[in-house]
């Protein structure tokens, strides 16, 4: 299949590579010449602009952009995708943005005759490279069925979350809970150890009891509890604290727009903000446990 | 085996019954004549005081009391257990109290020649009746080995958490994380639904992703997501909000004593306190989601 | 002086009247025919659009609009003020909006040759009617000097806060602290009374000590402590909880944009959001004390 | 007058000196030989124990101790004050402790025929030396009248707060609000400056508006805003962060006992706990603003 791909950064680059590996033909664009060159070397065709991608004869266009402002510009801007793309080309935006913008852009696409899906991912750069991402997809059932085999070349868990925007809703809600439970795990582990308990034994009890969560079991923030976790290698790699901060910012923005309180979520956002201010934004988000432990 | 049992309330009563069913001989005491009479009818021998239990020729004494003050009084008080119990009788306190008091009482017992375990439980009155409690046990390995078959008559998950007090540490840490993740689940579910997503679909996505926790998966606070959960039957039964408030109070007390911060935990405690003030303390603790949803 | 006035709502209406009383000639616009008619009856000239106000031969234009989106549209929109207003006409925006938008609009005005000030107010509808508002003004010193006598017809405290946008900065920072200290006063008063102290005596001690703040002294949230306060008349009138919620939302938005944490501020925002969800948004913002007291 | 004085530390030492200066005769006790020697050199008579002070023929006994445990031991312990002091000797405890303990000790004193006042102070070591402390006094009106001239030798603001324990209630409520409003001032100042405003100008606007509080006006946490404030001398001197942490701990303990929520207060306590964990407990409590600002 001939696919357009916009945004070839840390996530988009490896995702596009996996599409090439699966045998698809790709027309790609990115503002960075280096990112473009790297994909061209891997077999993609270079396009000069988003509009050029739209007119390259593609059947599907996938975008992976940093934030809502970029999505607006690429799709709705003057000379943007929607002003040039032929009707019926399927649009799939994998960026993580607020549900309202996702719905607004999808509605604009629909009015031009283009089906559109929001399909944010989880799994990080590791999952992008390995082709094991989770896609949370919002949009019409039929469009989801069309997209599924394409997304399957980049991920192993493709979930239909309902109508337009719901992929973003699922991601923002999941990461809100993730941000809270990670800090909760950090507080519980730090307190238990301060009270004299062995960290591994404590994690074992919690993980077989009602405190169990992904953050305590798979990604425990205490060093040496889970082998190969970021906590066991100095909090390098993984999902950066500043990315969690961005997602908690999306959650609080969505909460404000729907007049919905998120009390622990707001505190979690601010703790990540304070942590980032202290220069820790590039560490894995489980490093937030440093707020709770004296440096040794 | 001849066992002494002190405290025959909502938890202690059914626990003692399960010991009788397992064929043990019981000498029991409680301040409530009704509670005593009920156990006597089931086959236990009545004792007139904790001291009388201590002198009834028992090999093991189990206590299940409401709070640290009661534990102090029963064990350390004038004419208390420790003043009367023969050396080598194994003492097992199943009350949920702060780790410091647990360690202090165990040290006093040791100085009189009595091994002692702290063994708080989780699983609620349902688990007590069904004999499926989890016991988190602190104390010496050999004493734990001796207690294990006795506790197995009352529970199905008996975990050794390390030295004296660590059963309490494990419980306080687990329930701290549980209180936080339950409120996190309430915020995430409420926000997702306010943003237009179906509650069951959202829970499904979260439970196959990184937001997954016991509170989202087994005990989801949103109505009609998990069959037979308290949320699906009007928040009756289950683990009362006021009990969660008590456990978060133990966590913040332990945090203060160890000079350890617990930021989300402190907010969680206060939200449960505010919820209780509004008259909701007897509801299941997942009802905290009511703070986040307009009444319908 | 001939002045244009845009936005004749609960605040703008009485402000415009005070300009008429001071002898100024007014050309006014509002989307509401009733609001327009009421000002015309008081002596103002009706204009058909913001553009018409811009071209009515005015020396100064004042706007008082609900939110940043309206300010953008009125000033920057197609056929908006900036596309029609003659150079050198002084623009004064009294709306409460985020500092970034204020600076962006002022920069656009400057590029068309129009000096512009941001001049948000405090003092509420009472202050607007009585002409006793406080104006916090951002912009050039010379422009501030020109505006001062005009603003003096509507307020009694006109403060120059520095360059463009700083009027909004001052308001958002002040109201952030106000929102926090009001909840702090609510917690301190509720706790002190729950511990057995008389509310008036407690307020007296606090107000002569280091806990003293505007919220404890002038606007105490406990009933019957300050005569004629909203708390002493059922929390009617005053500064609505939903307006405080809006201002705390501006603070958290500004904090996010500058990557600055505001931990207590974020909790305060969410408590007002939860309070609003319970149907209390129209009450005075000091009614937040209801979260801390059982209804009697 | 012949007065007994127990506890000659950083606060009690200078307070006792001021009583000597006012012409009173003093019998003093402290566990530290150095502290005792220093007072003896200043003219006091040394006693060998609290009981010895009680029997030295004094008319009044004043105590200034670190925490509730010490107050219990000195007054209620074996061979404690109450077991030896003659009836009618007036007891004045200036320690900052929880209201419940204060009331319990006062009730025990009353049953032995001794009037007792709780009289915690504010004003710090500077106020203790200068004799300008504020005393918040709980107890009977007649006893307050008797104590007033004595306390006037050590302070300039002597406030009767009502019945027994209410001095402690007033202090705990005041310092709860102080802790919250200091962090609020830190957040508002940091945000305003991050948004581009001059710190002094911002403080000026806030202090003439509704955000005004003691923490913004007298004790602003931003450097160089208030001359001679701790913030303007590197946060040395003043009221230590660990003392504020202790007082917020008393507030949360009192809140728990009365089942009263204190949401911002709990967050404030934990922020001070985290700040202390980072090694900052000896700095003035206004240094909490460091959590909000990058080190320069």
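Each chain carries a letter (A, B, C and D) given by its place in the written order, and its residues are counted from 1.
Here is the rule we use: contacts are C-beta pairs under 8 Å (C-beta built on N, C-alpha and C of every residue); 3 or more make two chains touch, one makes a residue touch a chain.
Just so you know, these numbers come straight off a predicted model, no measurement behind them.
Its C-alpha atoms fitted onto chain D, chain B is found rotated by 180°, rounded in steps of 5. The most distant chain from chain D is A, comparing centres defined as mean Cα coordinates. With centres taken as mean Cα positions, chain D sits 39 Å from chain C.
Chain centres here are Cα averages; for chain A and chain D they lie 51 Å apart. Residue positions 255, 260-263, 267, 271, 274, 277, 291-292 of chain D each touch two or more of the other chains. Interface residues of chain B, counted against chain D in their complex, comprise 249, 252, 255-256, 259-263, 266-267, 269-271, 273-274, 276-277.
Across the complex, chain B meets chain A through its residues 99, 122, 134, 136, 157, 159, 161-163, 165-166, 169-170, 172-178, 180-181, 183-185, 187-192, 194-198, 201-202, 204-206, 208-216, 218-219, 251, 254-255, 258, 260-265, 267-268, 271, 291-292. Against chain A, the residues of chain D that register as touching in their complex are 267, 274, 277-279, 291-294.
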